[in-house]
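Should a chain be cited, it is by its letter among A, B and C, assigned in written order, with residues numbered from 1 in that chain.
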Amino acid sequence: MTDAFQPNLDFAAVDQADGRDAFVVDLEGYEGPLHVLLALARTQKVDLLKLSITRLAEQYLAFVHEARRRNFALAADYLVMAAWLAYLKSRLLLPRTEKAGEEAPAEEMAAALAFRLRKLEAMRRAVEAIQSRPQLKRDVFTRGDPEALVVIPSDRIEASLYELMAAYVTQRRREEQRRYNPGQRVEAFALEAAREWLRDLLPRLEQWTPLNRVAPAKHGAEGPSQASFTASTLSAGLELVKEGAMEVKQAGTFAELYLKRRSVGQPLELVP
Amino acid sequence: MIQFAPDHLEIERRVEALLFAAAGPLSAAEIARRLPEGADVGGAISALRERYQGRGVELECVADRWRFRTAPDLSFMMTEEREEPRRLSRAALETLAIIAYHQPCTRAEIESVRGVSLSKGTLDLLLEMGFVRLKGRRRTPGRPVTYATADKFLEHFSLSSLYDLPGVAEMKAAGLLDLSIPVGFEVPDPSRAGDDDETPLMPGEEDSPEFAQDFVAED
Amino acid sequence: MIQFAPDHLEIERRVEALLFAAAGPLSAAEIARRLPEGADVGGAISALRERYQGRGVELECVADRWRFRTAPDLSFMMTEEREEPRRLSRAALETLAIIAYHQPCTRAEIESVRGVSLSKGTLDLLLEMGFVRLKGRRRTPGRPVTYATADKFLEHFSLSSLYDLPGVAEMKAAGLLDLSIPVGFEVPDPSRAGDDDETPLMPGEEDSPEFAQDFVAED
């Protein structure tokens, strides 16, 4: 484990990742009051065991003051810690009263804070130490090409509780999606209705008329979609063509479709 | 430990590491490209070849490329010992998850959550592994067999009881469930599952999952 | 070339071949199962370890299993084999370290060491990567789930066991691995505010780590 660490920890590079995090107010990379306190404590350049809590409290209050001055929206955490430190500092400075009440002595509270800072510091150093270990596929490499034929299975079964949970949730999700949802039902323009609509319209279809002007227009949010009106009208129209009551023409693929009434007695036009 | 002029032993080490970690056989030129200029690749390969001579692993030349491989006379160890990997298939894991959370549950219930019919092998595998056991028969028409987790399940997942199975809170904490959880999404607590609507299995039935499956398949 | 009683050199060869061909680390028991009964696996491993000492490839113990890997000092050569590692955020690394050194520990304990609540995405990333696993439940009110590291963590960082975590002995001696701060020592812990006696601020906050509430509902 490396004993040499910088008095000023590199907070600038800290934690750019968790972008979706809503809780942490990013005060130039400080993740929370404790991280700020640790960074401040390091500037006292003493063993964390001999840390001056009153000085630390002053430093922190100054930090919060500065942060507010620079228009940081300070999270409640930082303010709670500031209030608590101000209180702790005042108790540490005041002569101890006779009746201590139910509260723990200020020295003990200060010791607890120092302990937490040392613990956090230890974990930070642990991170460095762990990261400096040879890492698989970064520093050390296992066999690049285990012989394809040879499968040596491990005797452990690879399944973790996390995988079990994940498998469960995935399925419940799928089940939910499969469930019938009346809210999402697609309403269609019924073929019967389309036929009636066309038969009513037929006597007036003396000229070639584009399909989208023949199909009913959608009114409001309710009812079938415009696509359904168009599709059903075309479908019904083709039936009428088959019955010999109507004609349809289209100049080319994807071109506009035209409909027209077929006059009685007019021979069927053979379109090549 | 970068030296200006690595000696031949150091070159040998490097060639050894390169050949070991490579995804396929390497040619002398490919090796040389990753070594300091002027390194004696041929010498290193010969030295390695000699060093591994007669070992369990040998250096072999195929089509002008070099690779390590296990000694041919030991192939009997490799092929004979082949086994199915013990990784649970997705279907098995999913089935196990449903049984764990919804136990005791019938095959039809498992299928209804999964949305697909259960292949015969899946439950068999779980039963055989000792993760799942036959629990009883549901007092409903058809009297379908119910499944529950067995002790080995708890053992494998280091759970002291079913009460310890992670619940909704942990699923959320692990990021598996988010705000889009359907309203009323509930994970049953298997430790509180009652036996009321079940009858125990008849003696001998425990060993015959086959029978159980056929039976269930009928309804 | 099957011999009735392979000598220790032959055993060593076979262990070498097995470890070489294996797709992952092998335990001594896994190796022993493929060798004639009574074979001295431990001896063979020691001999191999010595034989490969200082070579380009070395025998290493990770999570109580054995594997060959390239020597760490040669990492500079392995540019082609290197995989871009998934970058863990500082928060994720600290969380991983806290779990590694204090395991099994609860989410609340992790948060208490860091003084901030665990953001969404931190723990699930570690779980998904297989570095961390759910271990069990603490026998305290609320029965919170505990987390521990998984073998993959040890394998990734070349640790033979948790005892090999850097500095673990010193930290333990200094009392730094103690999770319980003596009673009466109260440092405000914003990460835990709101769990017990406060109502959530907004209805959309369900994904904050509020184990206690869910457990209460379960009881």
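In this text, a contact is a pair of C-beta atoms (placed from the backbone, for glycine too) under 8 Å apart; a residue touches a chain by one contact, two chains touch by 3 or more.
These numbers come from a predicted model, not from an experiment.
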Tell me which chain's centre, taken as the mean of its C-alpha atoms, is farthest from chain C. A
Chains linked by the largest number of contacting C-beta pairs: A-C
Any idea how many Å lie between the Cα centroids of chain A and chain C? 28
Need the CA-centroid distance for the pair chain B / chain C, whole Å please. 18
Residues within chain A bordering two or more other chains: 141-144, 147, 150-152, 154-155, 160-162, 165
Note the residues in chain B that touch 2 or more other chains, in rising order. 17, 20-23, 70, 78, 81, 158-159, 166, 170, 174, 176
Under the definition above, what is the set of chain C residues touching chain A in their complex? 18, 20-24, 26-27, 29-30, 33-34, 60, 67-72, 75, 78, 81-83, 85, 87-94, 96-98, 100-101, 113-117, 119-122, 127-128, 130, 133-134, 150, 155-159, 165-167, 170-171, 174, 176, 181-182, 184-188, 190-191, 193, 208
Would you pull the chain A residues touching chain C in the complex into a rising list? 1, 13-18, 20-24, 31-35, 75-77, 80-81, 84, 104, 108-109, 111-113, 115-116, 118-120, 122-127, 129-131, 133-144, 146-147, 150-152, 154-155, 160-162, 165
In their complex, what parts of chain B are in touch with chain C? 1-2, 12-18, 20-23, 34, 54-57, 68, 70-71, 73-74, 76-78, 81, 158-160, 163-164, 166-170, 172-176, 178-179, 189
Show me the residue ranges of chain C that touch chain B in the complex, using the header's touch definition. 1-2, 12-18, 20-21, 33-34, 54-57, 68, 70-71, 73-74, 76-81, 107, 120-121, 123-124, 127, 134-137, 143, 145, 204, 206-207, 209-211, 213-215, 218
Given the complex with chain B, which residues does chain A contribute to the contact? 141-145, 147, 149-172, 174-176, 178
